[in-house]
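So, here come the structures, one by one.
In the two complexes that follow, chain A is the common piece, with chain B as its partner first and chain C second.
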Partner chain A sequence: MRILWFVLSPLMALAVGLFFLGLSRRFMARIQWRVGPPLYQPLIDILRQFTQKSVSHGPLFDLGVVLSLASSFIVVLFMPLGGTAPLSSSGGLLAVLYLMLLGPLGIALSGGEAANPNVSIGISRKLILAVGYEVPFLMIVLALMTYYGTISIGEIVAAQRESASAIASFPLVFSGIAYLLILPAMLGVRPFEVVGAAQEISSGPAAEYGGPYLALATIQHGLTMFIGISLFVNLLWGGASNPVVFFLKMLVVFAFGFWVNAAFPRLRVEQAVRYLWRWPTLIAFVGLILVATIGR
Partner chain B sequence: MDRNQLMKWIKAPTKMAHKYSLNAVYFCTGCGVIEVPPTITSRWDAERFGVVPTATARQANLFLITGYVSVKTLRAIIRTYEQMPEPKYTVGFGSCTINGGMYWDSYNTINQLDKYIPIDGYIAGCMPRPEAIFVAVTHLWTLIDKDMADGYKRYRKNYAAYRANQEMILGEMEWPPIFQTEVATAITEREG
Partner chain C sequence: MSLGLLLIVAFGGSLLTYLLGKVSARTRDAFAVLISLALVVMVASLYGKAFRVPFYGGFLGMPLVLRIDGLSWLFAIAASVLGCLSVVFSLGYMKGKERTSFYYSMLLLVIAAMLGVVLSGDLLSLFIFWEIMSWSTFLLISYNGGPALAAGMKYFVMSFVGSLAMLAGVLTLHGSFGTLEFTGVAAGMSSASPGYVLAILVLFGVAFGTKNAIWPFHAWLPPAHSEAPSPFSAVLSGILIKMGVYGFLLLMFVIVGLRTFLSLGVGRIEFHTVLSIIGAITILLPTFIAIFQNDAKRLLAWSTVAQAGYIILGISFGTSLSVAGGMFHFLNHAVFKALLFMVVGAVEYRTNGVRDLDSLGGLIKRMPVTFIVAVIGVCGLIGVPLTNGFVSKWLIYKTLILERSPFLAFAALFGTWGTILYSYKFLHNIFLGQLPQRYEDMERAPFTMLLPMTILSVVVVLFGVLPGIPLAVIDTIGVSFGFESLHVTPWGIASDTGALNTVNMLVAALVGLVVVWCVFRSGARSVSVGQADSYAAGAAVPRDKYQYSVRFYAPLRRMMAPYLKDFVDSFYMRLAGWVRGLGDGLRRIYTGYVGDYVMYILVFLAVLIFVQIAWSPW
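Up next is the complex of A and B:
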């Protein structure tokens, strides 16, 4: 059964990630009173990009994209997607925390080789934004690990199934609110779209990607969205007993994220960091203190 | 539009993907910049046909040049065109790209854009309405279907002639020829 999940969960992440990419375009179009592209438009785009010829800027340019994509797939293996996670016995949340940083790092390595100023600005913004949301995120994860006394995502999900889900229980509700506040930053959507700002820095780190590179970067973007949302569903909303319920829960969180995306304009990078280090950090810190003092 | 016909996708997936995923670089040289924003936003919504603006040339496969082209702009246009990954399609928007339009005797604009980069199709008018962009896109679909949108192949084949034309108007160009032809080799040798 576990062997099956090794194959199934990356495939599911890929399909759902691509579906989310298409749905986000459709969703935004409907909010703006447009018809919008068909749901399978990302598939057409990726097919087109894979059949285009593109230039490479060096070996690191090729390997960075692959590294980022591979690390995203490995993070997916740690997630119980409405079942058991394929890598549930090894590392858990701590490994996920490290591996999640490899995604942007791979893109940074790859883009650095291209020596395009827009790419460099995009990468520095990505790292600044990551510092912004990693602080509250670490506090949330710490609060969860302290509360449930485990680093395994599967055990956290199981513990939530016995009692209420974390976001509905008293001290952890603060962590849940803090996660919802940093979710747009983790997904990289507005108001935190500072990294891939198309009008400002020519889509940032992806500026030098064309053809197959862009296709891989698009898939990686879809996986990043999948990971950010599925972490919320697993850690704070009690996971799910089967993949279908899990997917429905993810859809609700996704709709919240893209509602924020449609409603707010883009912040400047220093405004984004100021926000992230003020309200989400404060709420996450209160949650952590409460968990540490009151406990279970 | 045959985007929903599964048999065509099975028969020629590449061609269909190139048809229905046109990521465009809009090169707004002066006029024409008014027509493009309504086309890509809520009023006309080009995204439902898969036509999306992109920020960089590397991600694009449709090059839309609107309005007159001055000599300075031509340099940027050529660079942008050469950076785009193949296959790539170009559309000239407005009379000025066809024959110079009302600027045909101006001292600093070029008259025929087709001399410098290959153009797959033109939209006539001064200025055309945004609907004309959709007409152009549907014509481009037909051309891609019939393998007639082969501007990038013509550029490769006749690169020497294009480069000579470019050098005639721009003088010294600060980047080497991108394709190795006999003339290109000669240029490289001349410049050492």
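Up next is the complex of A and C:
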């Protein structure tokens, strides 16, 4: 069964990630009174991009984007998606925290070799934004790990199945709220679209990408969405007993994380960090203090 | 293998190197490499041994003793290997510089003194070797003169305060127990009062903390590391400051003992918790100062302070996992930080001494191998899975979480995110981005530089994939301290509190990379273009006009700069200014006129007479 999940998890992540990309475009269009592209438009784009010629700025330019996507797939292997996680005994949530940053880091290394000013600005923004949301995010994750006394995602899911979901239990509700507040920043959607700001810095890190590069970067973006949302479902909403329920829960969280997208204009990176370090951090901090003092 | 012979080779080698330098530079270089290699072989042959030998009969009635055990072997092997690699690196780096014989001789002397420190079996020998180490370090830091001399002075003054504290500790212990041998002192300490033990810990803690540059004794480190010659910075940051860690481990777990150490405290405040919090502060503050540094070596120096914080946090938290993590992190930091300093050294060598992050860039095209090793070193520093830093940090995080110290864990984890910021800046600003025209014809780094860097980068990955190799040694040390065993396997640990398996991850990573690479390759081929051929939204990017790396994290800096002043350093500098003012004031008394001096004597006598008449105390 576990061997099967090694293949199933990445495929599910790929499909759901692309579906979310399509859904978000559709969602946006409807809010703006447009029809919007079909849901499978991202898939068409990716297939087309694979046949298009592009430019390369060197070996690292190629390797970085591959590394970025590969590491995102590895993170997926750590997630129980309504079943058992394929890589459950390899460092747990702590390893996931690290592997999650290899995605942006791979893009950063790849973009770095391109010697393009927009790319450099985009990367600098991405890293600053990451520091912004990592403060509340780490507090949330630490509150959960301390509360359940484990670093394994699987055990956190199992513990929630025995009692209530984390988001519905007393001290952890703060962590849940804080997570929802930082979710748009983690997914990189507006108002936190500072990294790939198309009109400002020509899509930032992706400025030099075309053809297969852009395809991989797009898939990576879809996977980032998938990971951010599935972490929420696993850690705070009790996971699921089968992939279908898991997917439905993800859909709800996605809708919640996305509605702000249409309603707000883009922030500047300092404004984003200032926001992230104010309310979400405060709420996450309260949650962490309560967990540390009251405990289970 | 006798310990005495080892030290004779080490110290004698240092002296002979200097003398040989008078005859021929080539012979001297070969001899220095040979001596440092011999030291590695000799230390390696001592693996697994534990014994003591008196080497000098009666210094004030006390025998001076050398000893070796697992702990000292670990530090000795790290010191000798890093020393050897640094000597090899120096062959290229120091070519054509002045006073090279002096440099090599001092470098070997530092290595010899470090071996002396870790092989000492009593506190007096420890103190003597410690002083030799401090002095020779001072001479090497100030090797370049100018600002290096000021940096050296700062190091020396702070180091001297530490030495004084240590001397006071040694004298106190001798007064109480009449012996300075570790075993004797440890026996005495077990029956000493908690207050006494605490006082001893604080006295030695100042000495070791200054050497290890933990907050608030860190102020000497950034200038010293950035001004020293790069191969020596590698030794300085990699192993020399870790002598402080050795001292802490020795003091906490060998002399004071695990149980006493964990129970020490004033009221409800536990000493080891306070030390852990200091460790956490040492992680956070320097990490965020490092982000805004523009001098590559200064950035690495601040990073060293921060990483020392992880080590202190690990060993002072006092669980079997955390102490193992702390010791492992010491070893890992020695490897990747030495590597990174060598990378800067190689860049400096080829660019004639440029290490300003705002004016480098694009060197990946000219120094590809140096870039690859730099990436590996940076991954180790961040703690990316499958590099050595991941395992040691993982051990520390894990125990902090399971022992319910989420705030310390937060400091450690958030410090890692800061590390990503400055590490990426380091890589990007040196190797990525535009290649300035003036570096277009630059050559690759010479072989004598690439060899040590490659060896170190192999170790970074090896210890990351098979952490069991060093952890087995560290586990035996932990067991000798009184901790329970971690059940080390070649690819991680298999303890009840949660397993770590790096092989799974390696396989997943390889499969993932291969699959994605194949998918990527199946797409349309790309055309290779030069760096000038980039998309700038319709505007041409003129060559060498802009440097994109300047003020890389400007928005964050605008936010954080007011909070990131190094208050401790400004305090020390004000103190130094105040002392200098006092000195100037005192100097005014010494006017040089005999008449004034006669007057001082007369006034003094008059005061004495007045006192005698008024109160008649004599």
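Definition applied: the second predicted complex is superposed on the first by the 296 of 296 C-alpha atoms of A that agree within 3 Å, B and C clash if a C-alpha of one lies under 4 Å from a C-alpha of the other, contacts with A are read in each partner's own complex, and residues count from 1 in each chain.
The working rule: a contact is a pair of C-beta atoms (placed from the backbone, for glycine too) under 8 Å apart; a residue touches a chain by one contact, two chains touch by 3 or more.
None of the values given here were measured: they were computed from a predicted structure.
Partners chain B and chain C, once the complexes are superposed on chain A, both fit on it without clashing. After overlaying the two complexes on the shared chain, residue contacts for A:Met12 are found with neither chain B nor chain C. Within the superposed three-chain model, A:Arg274 lies in touch with chain C and out of touch with chain B [touch as defined at top]. By the touch criterion defined above, A:Leu127 lies against chain C but remains apart from chain B after alignment on the C-alpha atoms of chain A.
Applying the stated contact rule after C-alpha superposition, one finds that A:Leu81 touches neither chain B nor chain C.
If you stand at the C-alpha centre of chain A, chain B and chain C are 110 degrees apart, rounded to the nearest 10. Counted by residues of chain A touched, the larger count belongs to C, out of chain B and chain C. With both structures placed on the common chain, the touch criterion links A:Ala143 to chain C but leaves chain B unconnected. Once chain A of one complex is fitted onto chain A of the other, the partner contacts of A:Ala206 are limited to chain B, with no touch recorded for chain C. Of the two partner chains, neither chain B nor chain C is touched by A:Val189. Once the two complexes are overlaid on the shared chain, A:Lys53 sits against chain B and chain C alike. Closest approach of chain B to chain C, taken over C-alpha atoms in the A-based superposition, is 6 Å.
Chain A residues 49, 51-55, 118, 202, 207-208, 211 lie at the interface with chain B in one structure and with chain C in the other. Interface residues of chain A facing chain C in the complex, by the touch rule stated above, are 49-58, 60, 62, 65-67, 69-71, 73-74, 77, 86-87, 89-92, 94-95, 97-99, 101-102, 105, 108-109, 112-118, 120-121, 123-125, 127-128, 130-131, 134-135, 138-139, 142-143, 145-146, 149-152, 202, 207-208, 211-213, 215-216, 268-270, 273-274, 288, 291-292, 295.
Considering their complex, residues 3, 13-14, 16-18, 20-21, 23, 41-42, 45, 47-50, 52-59, 61, 84-87 of chain B touch chain A. By the touch criterion stated above, chain C contacts chain A in their complex at residues 362, 364-365, 371, 375, 382-385, 390, 394, 397-398, 401-402, 404, 406-407, 409-410, 413-414, 416-418, 420-421, 424, 427-428, 431-435, 498-502, 504-505, 508-509, 512-513, 515-517, 519-520, 522-529, 531, 533-537, 541, 546, 548-549, 552-556, 558-559.
Contacts from chain A toward chain B in the complex involve residues 25, 29, 32-38, 41, 44-45, 47-49, 51-55, 118, 198-199, 202-203, 206-211, 214.
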